[in-house]
């Protein structure tokens, strides 16, 4: 564990970027940002900048991977080499491979895959700039991109990280808090249905803190969920306006 | 060539582990040690510890590899990273790739592959600890695992290494003798049928020494062959006992 | 840019190997040099030594790569590890991958690919020794090998590099001129049809120099084109002679 | 485990399994919170600095620890290096394929790695030989030998047991020179995390799933628990979700189960 | 771009496109030598030393510059290191596939790299920190985000724009020790090469091809032009040839176009 | 060679070949112990420190030797490094495929490597420049150009011939500094191993098999023989076995054959 060279919570209970413990960073979501993709979304969460494209349902190559009873969901989470402090090698790291898997499993419960047997739905995530919480922001954006692609969903998936900093539970860790804090607990939920679809933890937490984390996450997720819906609405309005011309 | 820092044969003609030149190390063979595999075996030869699983005859993937007139025999010899003094990288080395090939060719003559056209028989060998002679011990165990899988065979295959240490031919080289000795000659045979199915040499040997090597190998192989049969018998008896209950 | 430790043009206007600016190096081309290949050629251009084999038209593996309306042209340009000053790693470098592509695109316009739908034509190029201009010499040899394989062609493809050395345009750069010169402009043409099928440049050229380069290239290409035809004729005569015996 | 595997279970078997579960019965007779029999053998690989073979029912996993002198990472000059590798080798199951590690192997390795790091099991700060220059690198290689469910717990237990029985050579350092002595000393260890996995089938939570139960499972969750009942890591998997209340209940069961499992750990 | 892509265009669309072209009309209303609208955004990636997002019509490419202290190549001890990487990621187009870079990615990266080298855009000789031992390594990573034709020009423009807005930390060197200071200074740049691509469809030359035009093209040619109208690189592609006269005409058009494009470059 | 290849030979050709063999005739008129014509060209690659192109009948193999200054392996600080690489490139045969080395390439390289090591052909102990720090690394790269049977012998002969004609630059060492001089000296060589391969078809042993004979063969055996008739390596291959008596007979034939082949080796 690295020892923090800096104080992460100040005497007024403010975090290093001025937020209170339960505050999330500024979030901006746009949908329909790419021309080629069937659906797409762009998210900024603090300094995180992530773009997501969805292709599908479409034919599966190689064909033997196709599933008889549902669509094959594939997910590729990737960080641009320039997205982080030290240049990342362009080939997928073990971290990116694991995250591709857990993000896929976070999105899968929300999609009516059974409506498109023998097809593939591909989710491509590119992190352009990273500053703590890329997996949760990716999930948030990916579910908007899926909806933008017109893929029928049970609910959106909305995600946020709860963290532990100087003994305190805080919401939406930034990069420094992630690096020097005591714990990180990313949570993804289907907000309407109340299901947790991604849940990981790193660091040390008590059972009591788990309970508290869910409460904190709940509030943050509600806010972000509104942003997701707004992003989809704006796109719809834009489309409608153009349609009227 | 490395110069031995130690005396490999003492004044009484004893080897570094106390054996006489023609003596093999303690050998222990068990069959049916794994639940998932169709056949399996475990061997200890001195400090060597090797486990073998056989799957098949089963469907071939990718399908175009299937052979119209016989089963496809595949073999993967692999050493665990912790099996050797210096940690081995987990990905297959050139040595492991060559050994997978020669072990496959040592087993192939013994199997009635023509009885299972268009199928695959897979032999997976994992060396858990290595101390000289892993390829021969692997072959010995693999043929027990094949028999344990109920695959019809012309004969078992039994193998041992003959080596040259301080000018003397010795049987069943251990790791130190392999490292500092003058030659290594692994031999695999079908003992009943009298065929040599693996034969390699490293170091320098005269034509005369070749002849002597076969004699020494013959005796060792007979002993190990008995152990192989016992291992299969014990399994059979165990199965029979269980069957009676 | 590396500063040349040597003078590349002497006071008499001679280049480092004694040539005048417009002179090409000694060229030697042979066709039909390999037994297995359907067509083959060997070229020496100065110190460059390159061998080319052509296989095809033949079945395509994997099958899904086959094209319905024409043959699939594949090309592999490879340098032997010992062909260059510093040993090259045996696995394909990025340079080799790019060159395989541009060489393929240089040959493709000359071949009646549409006559062999659903087949593959494979061009394998092995550079045994390299001394500047391997891509152009490879193209020259490859088109001879294609003709030797009896593949119907619109024209041969003939190639040469124009370079810039101490401000002067010169023909057929050698290794030193390539390393220390100011520019390299490889050109491939179908000489009869007058089409440029490969064209690249490195270094700095004026639009005026471009025009001059084409003129210089034209003369050199005519000479090499004759050598290509001679190589094919010699093979034909040899075959004819043998036929008569 | 893999999506391919999930197609293996026949509909018939599925119905039987589900029917039984609803009556509180598991196929092998266990109750929902019962763990299978565990056996731990340590010190079995002479060439390894530490090793353990763990049986959980018919699942077998071996872990080996190797120690090498290497250089620290530039951003942690005063810490040893921990590297965890896991391989789902084809010897262990017909559903595992040869080839480089896939996402299942990598997820497993990373979950084990994070648990050990969060618990500070290996005292990396005590593995520095020459600060900023030479440290011990500890490799933990985990190989599945027979896969019959619950590789996370078996791998975690094998890794921990191997580490608890690992010995390093003592060293003598003069200037930049490191001499390895014959004498050995135990690897310095901190907290001891135990991995406990549950699956959810419809609304039933099952501890220590068998292979068939994993095939049937809607979702999976692993808790890593230390001796103070702290949670040192969580990993959710699977194609469906959990209700928060289910996760909290699973956490309680995991903490309880960990206390039981802890009793069979090898002594250092 | 890839041979697979060339099969996508339907025969019908092909005929319409061709018919229009013969009347001097492009599908999007441009004349043969018209460029699409260009938009350049720089300084968008905080973690990068330089960055630019370039739009050419609906084509979007992002380039990021990272600088690291490394060792020079043995044969150029007094020069910094320039590394260009380009990835046609599957996010950008249904015809791009995941996996390691293929021949299209590699050709693109190498053409961008050669243009920057020939123009001496990065003053590599000014990037030496300790001669023969420590130099700046400049990584230029180019990612296509939306591929709708003419990746060469968009990538070249993104790379150049990112470099022109790159800042390096100042350094303080005492002996073999390099200290990075908080203060920054612009990356030293030389000539500014602009990439201009034309395609040939039958005997018509078109500047800045759209995706459909690329599918239809017989051949492609890229000229890299610096501020003195020198050509710093050429790359011909495609399955057919050019007449020399066509190449010379294309060169003239490219030089003219480059002059126009140069006006929108970000200032250093 | 590969299992795929073994399916190529038609049944008809098989019968003819076999019938002839039983009458002591080989397809190309040779007797069972006759070798095909051999041609060795050395010094053909100017950029290589040593090189040889070997023809055995229609089989052609080229070997090139490159020497570089590198670091010794930690466990052999007082020895140079020998690296053998072999590639069955698709240029040489329709049955060879592009891609990274497969098991056939690797077996070939390792058999050549072991023979050279057992014979101590390269005097590795004489290739130390600064003990424990700098040694010559000798790369031997073997490329098949036309595969018509018996790659082992052709590769061995090419490697040996290239080594026998290899020259290294003289060096001048002052402290840790190595200066390469213009003058050259021959690579120090020890014993000269000759590779002799036989195949067995039913109960017939054939020296120097052609491609068709390899397809038909039940098993293959290679003996590596030095100038004192010592065997410096053996490799058995193929899908059937040998009787011990057959192996001993094959060894005698190989030793005799090696004596003949030795006469055409290039002089150092």
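Per-chain residue numbering starts at 1, and chain names A, B, C, D, E and F are given in the order in which the chains are listed.
Basically, a residue touches a chain if its C-beta (ideal position, glycine included) is under 8 Å from a C-beta of that chain, and two chains touch if they have at least 3 such contacts.
Every value quoted in this text rests on a predicted model; they were computed, and no experiment measured them.
Engineer: What chains do chain A and chain C have as common neighbours?
Structural biologist: Both chain A and chain C are touched by E, going by the contact rule given at the top.
Engineer: Show which chains lie in contact with chain A and also with chain E.
Structural biologist: Expected: no chain.
Engineer: Quick one: which chain's Cα centre is the longest way from chain E's?
Structural biologist: B
Engineer: Taking each chain's centre as the mean of its C-alpha atoms, give the chain farthest from chain C.
Structural biologist: Of all chains, D has its centre farthest from that of chain C.
Engineer: Just curious, how far off is chain E from chain C if you go by their C-alpha centres, in Å?
Structural biologist: 27
Engineer: Measure off the straight-line distance from the CA centroid of chain C to the CA centroid of chain D, and report it in whole Å.
Structural biologist: Spacing between the chain centres: roughly 57 Å.
Engineer: How many angstrom lie between the CA centroids of chain D and chain F, rounded to a whole number?
Structural biologist: 47
Engineer: Which residue numbers or ranges of chain F touch two or more of the other chains?
Structural biologist: Residues: none.
Engineer: Touching at least two other chains at once: which residues of chain C meet that condition?
Structural biologist: In chain C, nothing touches at least two other chains.
Engineer: So that we know how the chains sit together, what is the shape of their touch graph: line, ring, star, complete or other?
Structural biologist: Its topology is that of a ring.
Engineer: Beginning with chain B and continuing through chain D, what order do the ring chains follow?
Structural biologist: Listed around the ring from chain B, going to chain D first: B, D, A, E, C, F.
Engineer: Report the residues of chain B in contact with chain F in the complex, numbered from low to high.
Structural biologist: 1-2, 67, 72, 94-95, 97-98, 100-102, 105, 108-109, 183, 185, 189-190, 193-207, 210-211, 214
Engineer: Would you mind writing out the residues of chain F in touch with chain B in their complex?
Structural biologist: 3, 7, 75-76, 103-104, 106-107, 109-110, 114, 117-120, 221, 226, 229-244, 247-248, 251-252, 255
Engineer: Per the contact definition, I'd like the list of chain E residues that touch chain A in the complex.
Structural biologist: So the residues of chain E touching chain A come out as 44-48, 51, 58, 60, 62, 64-66, 68, 85, 87, 89-94, 98, 100-101, 139, 141, 143, 145-148.
Engineer: Under the touch definition given earlier, write down the residues of chain A that touch chain E in their complex.
Structural biologist: 34-37, 47, 49, 51-53, 55, 58, 76, 78, 80-87, 90-91, 122, 124-126, 128-131
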